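Pasting the structures here.
Common to both upcoming complexes is subunit A, partnered first by subunit B, then by subunit C.
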Partner chain A sequence: MINPVLLIAIPLLAAFISVFIQKLSWVLLFGVSIFTAISGFFLQKGMFMIGGWKPPFGINLMIDDYSFIIIIVINLLFFLTLLSGMWELKKNKTILMVILAGINGLVMTGDLFNLFVFLEIITISGYILAASSDKYYSVFKYLVLGTLGSSLYLFGIMVLYGTLGTLNMADISQQFPNVSGSVKIISLTFVFAGLGVEAKLLPFNAWVKGIYGNTTPLTGPLFSTVFATGAIAVFGRIFGQILVPDSTLIFAFIALGLITFIFAETSAMASKKLRELLTFSSIGQAGLIITMFMIGGFYAALIQLINNAFAKTILFSYATKAYKSNGDDTINNMSGLFRKNVMMGFGFTVATLSLIGLPLFFGFYAKINMLQSAFALNMWIPALIILGSIIEGIYYIRLLVKLWNPGEEGQESSELAQSQFVIKNGFSLSLIAVLIGIIFVVSGIIPDFLTENIAKAADSLSDAATYLSTVLGGI
Partner chain B sequence: MKKIIAILLTVAVALFVFTNLYSGDSDFKAFGEKSLEETVSKEFVNKTVDPQRVQPETGSANIVTSIVVNYRGFDTMGEVTVLFVSALGVALLGGVLRKKVTFRYKPGFIINQGMKIIVGIILISGIYIFVHGHLTPGGGFPGGAMIGSAFLLMYLSDDKFRTRIAAFKVLEGLAGSLIMIVGLVGLSTGGYFLYNFLPNGEIGQLLSAGIVPVLYVLVGLKVGSEVSNILGDFFIGEVEE
Partner chain C sequence: MTINSLIAQGMISSLLVYLLTKLNKKLGAFLTVLFSGYLLFVIFGFQNSAGEVFSLIHFGEFELTFMTSHYAWYFAIVLTLTYFLVSFFNPYWMKKMVNPAAYNMLFMVSMVGTVGVFYAKDFLTLFIFYEIVVWSSLFIIPMGKSRKTPVIYYTISSIGSFAMLYAIFYLYHSVGSFDIQAVSEAMSQAPNTYRFVFFTMIVAGLTKLGIFPFHTWLPAAHGSAPHTFSPVLSGGLVKVGGFIALITATVIPSFKILAGDLQLMGVPFENYLIMLLGAVSIVVGTLMAIKQEDAKKLIAYSTVSNSGYIIIGLMLNDQVGFAGGMMHVFNHAMASGAMFLSFAAIAYRTGTTKMSELGGLIKRMPLTFAAYLIAIISLAGIPPMSGFASKWLIFQGLASNGMMFIALAAFFGSIGSFLYVFRPLSAAFLGQLSPKHKDVKEVPWMMQIPLIIMSFLTIFYGIFPGRILAYISKIQESVGLKGVEIEGTKIIAATGMWDSLVITLVFGGGFMLAAILFFISPKAKPVDQMNTYTSGEFIYDPDHYHYAKNYYATFENNYGNKKRVELFFDAVALRVKEFGEMVKTMFFAKSVSFSIFWIMLFFTLVYFWGDKV
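So, the complex of A and B:
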């Protein structure tokens, strides 16, 4: 059994050591990543105080079933990201170790201000990594919006602290229902807006296209899976369990989520470039998952979160690698590319089919559960979800056909139209593709292992009483 | 047009904040009216969080320090990391700066000689501030920033002093690693990360308050070397490498 604080302390220690022993940083980075990926499975559950100060006075880490499964997923994804971006690491190794510590802390922490600190760590690291694409205008936009988001979040928890006199999540969730309506509205709005920037919700996501659309094989999977999963998981924790919005505000939040979903899927339909298409798909998925968290469908939201994260790893790895090797990622120029690398094509196809939720794949369970929990509420939300999913299905199937089949649409395919593109250094990518493809197929046929754990996680998220008694039990 | 929309939006947000915070039934008390009784800070001030420990709990004379480094030391560790990442970012993006920074005005004799006197004083006060962080106002961050300002003065007053100090890179990493190691020692001896495993001593003495001065000296060294590194990156860029 491993104490969860080690998942933060060891990567940070390695990061500091790598500053003065730079030759070892390669070893340190992979060693730390393998350590966290494996030890995620052996994580000790429960509440862990920092410095021995009991909550709500000190800071605590909380490992319940929810953060347990998110930690496993994030650390595995981080390792896959490293494999995908192996050739892009350059001077970024120290920053990557800090990101690993920051993202683990973000998911595990039980304190609102501590969450802000970890949010700062990963967003600042994010700016620096994004700047490696040399698109300084987009990075500056990200910098301004990200900083604004952090400040808004800070303002929100300031109001909460001024009212309740505590920052501990459990303590706040206990007292929050009795707070006057005006304080509720203001703190919820600002916390939502602040986290919405990282979670890519609609009014706050102007930065996403410039950053995700210009990613490298390292930053692509890192932003779209590790960062996105962490941000959305925090979103679920805060609005599903800690600061539960009441009926008036929650409709506004659900509406924002759904609008994000529909708009992003429509924009993806019109995209001509592969990375841009995946970017909009990521935004859409974020909107969809957050909507599910808001309407209380935690189980469906978690399945889709994990499904999307693993699928996007291979999708973004492939797209960024194709761009890196050829300097172009226009979909029309890539026709028939999968014929050259069948293994990658297999992984990509399986991931896509699972993402859009076809039967036989893992994503099917996500879509089914999503619709079930949405239909329990009213007719409009499932109708919009189905609409968005159909749009998503159309553009992804069209993409797959294009990538497998050389030639123009509506004409007989011929080897002449085969793309001239090649994938360089594709070994690690093939490895990831096959690995993820097998995970999706197996978990589609035998979903019990995954779904049981996810169901446990969803239960622990909706069971606020256990969370409270675990954290504040001693008082 | 954009500016008008921006102004309207700002006014709308301001109105939204104001009306909600200061409406009649708001639980958000005006400044000075909040009772400390039901907040966590009351226990911090009285040092009565954990009755099982040797009283007084933290042994540091400065309440702010006892909160920042002891009760909420994890946040401070995080903030140190934030600064660390920012310094790394400056170092990585320093490549944008292709040529050495030079000033239009050459530093004169007075600045040059005055610097030699003042730098020592600034360095000593910086070190004094972070060494006494648990007793007097100040601590690792202000002390470290003062050390950085001493190096800024050196860069400004002497054209020839434009070398990157390699020792700072080592000091930065070493101080950071030692902070984590202090935390891990607490985990192995007391069972909690960043646990105060040293005796508290007598309040007001230089050697008191357990691990607080140790951490603050490390934070001070780390911040000082990081700020100096950032300045070095800005002044020199990638030219000399």
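So, the complex of A and C:
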């Protein structure tokens, strides 16, 4: 059993060491990543006090089933990202270790201000990494909006602190229902907006297009899977368990989630560049998953979160590699590219079909669960989810058909019309793609072997009483 | 052998076929023949089985189960037979395919998927296999001529399938079960729920069948799919839509549940509306088929029209018309399969399916010609082919209910089909042989097998339609309808009876008489296509002198050339894209100020409205 503090402390320590021993930094990075990826499975569950102060007076880490599974997923995703982006590490190794510490802390922490600190750590590291793409204006926009988001979040928790005198999540969740309506609405909207910036909710997400649309093989999967999963998981934790909105306000949030989903999917439909298309798809998925968290379908939300994260690893790695190798990612110029690298093509296809939610792939299980929990609420939300899925399916199928089949329109498909593009340094991605592809197919036929822990996680998120007694039980 | 292990075997052997095709292209293709034959054989053994339940897997908290039934067997046998016959063409196309391994694998997956659809006990299983069929067939189409049409196919198909998914979960929410039988029982108490479900669920059937206004994917996808897959799409996969319609309207007995609703001409108005759509597709399909230059597109439009007959028959839910609709499923599978296959044969030898580039192939490919001729006679509903039996029954059903307008459309389609099926016949097979195709030969023997079998079945069930109708009457009884009445070769309907054997003999006699007249009268003198008077001008392009160019020009000029439904769908697609662009500029503009505005607006709205919390 591994103490969860180590998941934050060891990457931070390694980051410090790597500043002094530059040559060993890649060993440290991979070592730390492998350590966190493996130790995620052996994490000790329960509440951990930091500095010996009992909650609600001190900061605590909380490992329940929910953060347990998110930690495993995020650390695995981080490792996969490193593997597929290992040619792009350059001078970013220290930053990456800091990000690893930050994202682990973000998921595990039981304190709202501590969460703010970790959020700042990863967003600032995010600015630095994003700047490696040389699109400084986009980074500046990210900086402005990211700072705005952090300030909004900080303002939200300030209101809470002023009212309740505590920042401990468990303590707040206990007292929150008794807070007066106006405080509730102010704090909730500010926290929502602040986290919405990182979670890519419309209208707080203007930075995403510039950043995601110009990613490198390292930052692409990193932002779209590790950051996105972390941000959405925190969203689920806070609005699913800690600060549960009232039934009226929650509809505003659900509406925003659904608007994000459908608007972003239509934008993706209008995109001609692969990375831009995937960007909008990421935004759409974020909107969908957050909607699911808001309507209380935690199980469906978690399945889709994991489905989306692993699918996007392949999709973004492939797209960014294609751009890196050829200097272009216009979809029309890529026709027949999968014929050159069938393994990646297989992984990409399976990931895509899973993301759309077609049967035989894991995403279908996510979709039927989403519909089931949406129908429990009313008839309109599932209809909108289905509308978004149709749009999503169309542009992804258009993409797949293009990438598998070279050929002029009106002529038989043949190798002659194949794109001149190549994928360089694709070996590690091929392996990842096949591995994830097989997992998607197997879990699409027998979902139980993945979903057992997800179900537990969803239960622990909806079971606030256990959370409270674990954290505050000592008092 | 059980259905569940059959499905599992199919899925595993599709992977096997993929690997073996990578090793040797022909070997993989022969395996598809072998496996589809095996599937046909095993399915055939389920002929008399009904109510046997097989459990596939636990899918999360749901259970996927199969149940045998007569209607499932009927559809499954039609589909597996079509797949089996078409698979004989596969080995010859491997060299031309861009990705033969994927083709063979997807061919198998879609075939197994259809069996899964038909034998599904619950809606979830049905939907899963339905979608498997959609995406597996979807990825075969772009191996042909177009990369755009699969997207059209997917779009229309997913509108249908997601509407069905919505209906399924709506039912699950209100009934608490996916089981078709349980749903059917629960719905008899809840006609209001069922009315909504009926319309949302049947959309899946309409899209797959290609009923107006969802018919646009048929000519697009069937016309541009690989030549070996078009017959499967048209003869086979379209029928999956018929099955969904059957489940929605008959297996869940719409005529009983909705008996309290407004009745139009003896059927509930819901069914009547769907029949009207069927009638429109008959007319649209016929008119559009008449003016097609490309034979494959022409046959695809004829499928639209014939799907109209199927849906009209199924929606009648009576003793006669329903039997006609069910029989038409088989007849059309064989006829359109044979038509597509004969044009695949032509394409194999000449490389084109454009009618103006062909001609006179009767002398070079007599067997293909015969197969095509028999198929079109059946499709046009002329005795003694089996197509006559089903159309006669549908007409009887319409007439006895007094459905004037629909009957008018049905007769229109029947007469119009003479026009359009004759065009490829005269353009490709009759007339002068194009100098380009002087050295064309008949197709290899293995490609002749399916043509012969399809022709044989068409004639056989034309002479003895009772063989099929006896089984259909079993189906009718199993879903609570009165079985169609047969006595030997006599088929009895409300307005009279018809003896197929007598009619066959009469037609046989007529045929003999005509043959005698042909042989004793003087022979026509064949003239070469280039042997024509041109005022001394040099002829270089035989296509322009093809007599089938602008074949029905005068007729076509009477109705416009605009594809209005396509234009409408294009406009919708364009609007969605424009909306996407708008979102991009409104929310993801270059300047940050836009998003600051939206954030401000969000806070303002929340605070204005928030005091109600």
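In this section, the second predicted complex is superposed on the first by the 471 of 475 C-alpha atoms of A that agree within 3 Å, B and C clash if a C-alpha of one lies under 4 Å from a C-alpha of the other, contacts with A are read in each partner's own complex, and residues count from 1 in each chain.
In this section, contacts are C-beta pairs under 8 Å (C-beta built on N, C-alpha and C of every residue); 3 or more make two chains touch, one makes a residue touch a chain.
Quantities reported herein were computed from a predicted structural model and do not represent experimental measurements.
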Partner chain(s) touched by A:163 [first = subunit B, second = subunit C, both, neither]: first
First (subunit B), second (subunit C), both or neither touched by A:145: second
Contacts of A:117 with subunit B and subunit C, given as first, second, both or neither: first
First, second, both or neither for A:131, with subunit B first and subunit C second: first
Subunit B versus subunit C as contact partner of A:315, first or second or both or neither: neither
First, second, both or neither for A:372, with subunit B first and subunit C second: second
Contacts of A:181 with subunit B and subunit C, given as first, second, both or neither: both
First (subunit B), second (subunit C), both or neither touched by A:450: neither
Dominant contact partner of subunit A by residue count, subunit C or subunit B: C
Residues of subunit A contacting subunit B in one complex and subunit C in the other: 181-182, 185, 189
Residues of subunit A that touch subunit B when the two form their complex: 3, 5, 9, 12-13, 15-21, 48-54, 56-59, 91-92, 94-95, 98, 101-102, 105, 113-114, 117-118, 120-121, 124-125, 127-128, 131-132, 159, 162-168, 179-183, 185-186, 189
Subunit A-facing residues of subunit B, complex: 16-17, 19-21, 23, 25-29, 34, 36, 38-41, 43-44, 49-50, 70-75, 77-79, 81-82, 84-86, 88-89, 92-93, 169-170, 172-174, 176-177, 179-181, 183-184, 186-187, 190-196
For the subunit C and subunit A complex, residues of the former touching the latter: 57-60, 62, 96, 98-99, 102, 124, 127-129, 131-132, 134-135, 138-139, 142-148, 150-151, 154-155, 158-159, 162-163, 165-166, 169-170, 172-173, 576-581, 583-584, 587-590, 592, 594-596, 598-599, 601-603, 605-607, 609-613
Residues of subunit A defined as touching subunit C within the complex: 137, 141, 144-145, 148, 181-182, 184-185, 189, 193, 202-206, 208-209, 246, 248-249, 252, 256, 263-264, 266-271, 280, 335, 339, 353, 358-360, 364-365, 368-369, 371-372, 375-376, 379, 382-383, 386, 389-391, 393-394, 397-398, 400-402, 404-407, 409-415, 445-448, 451
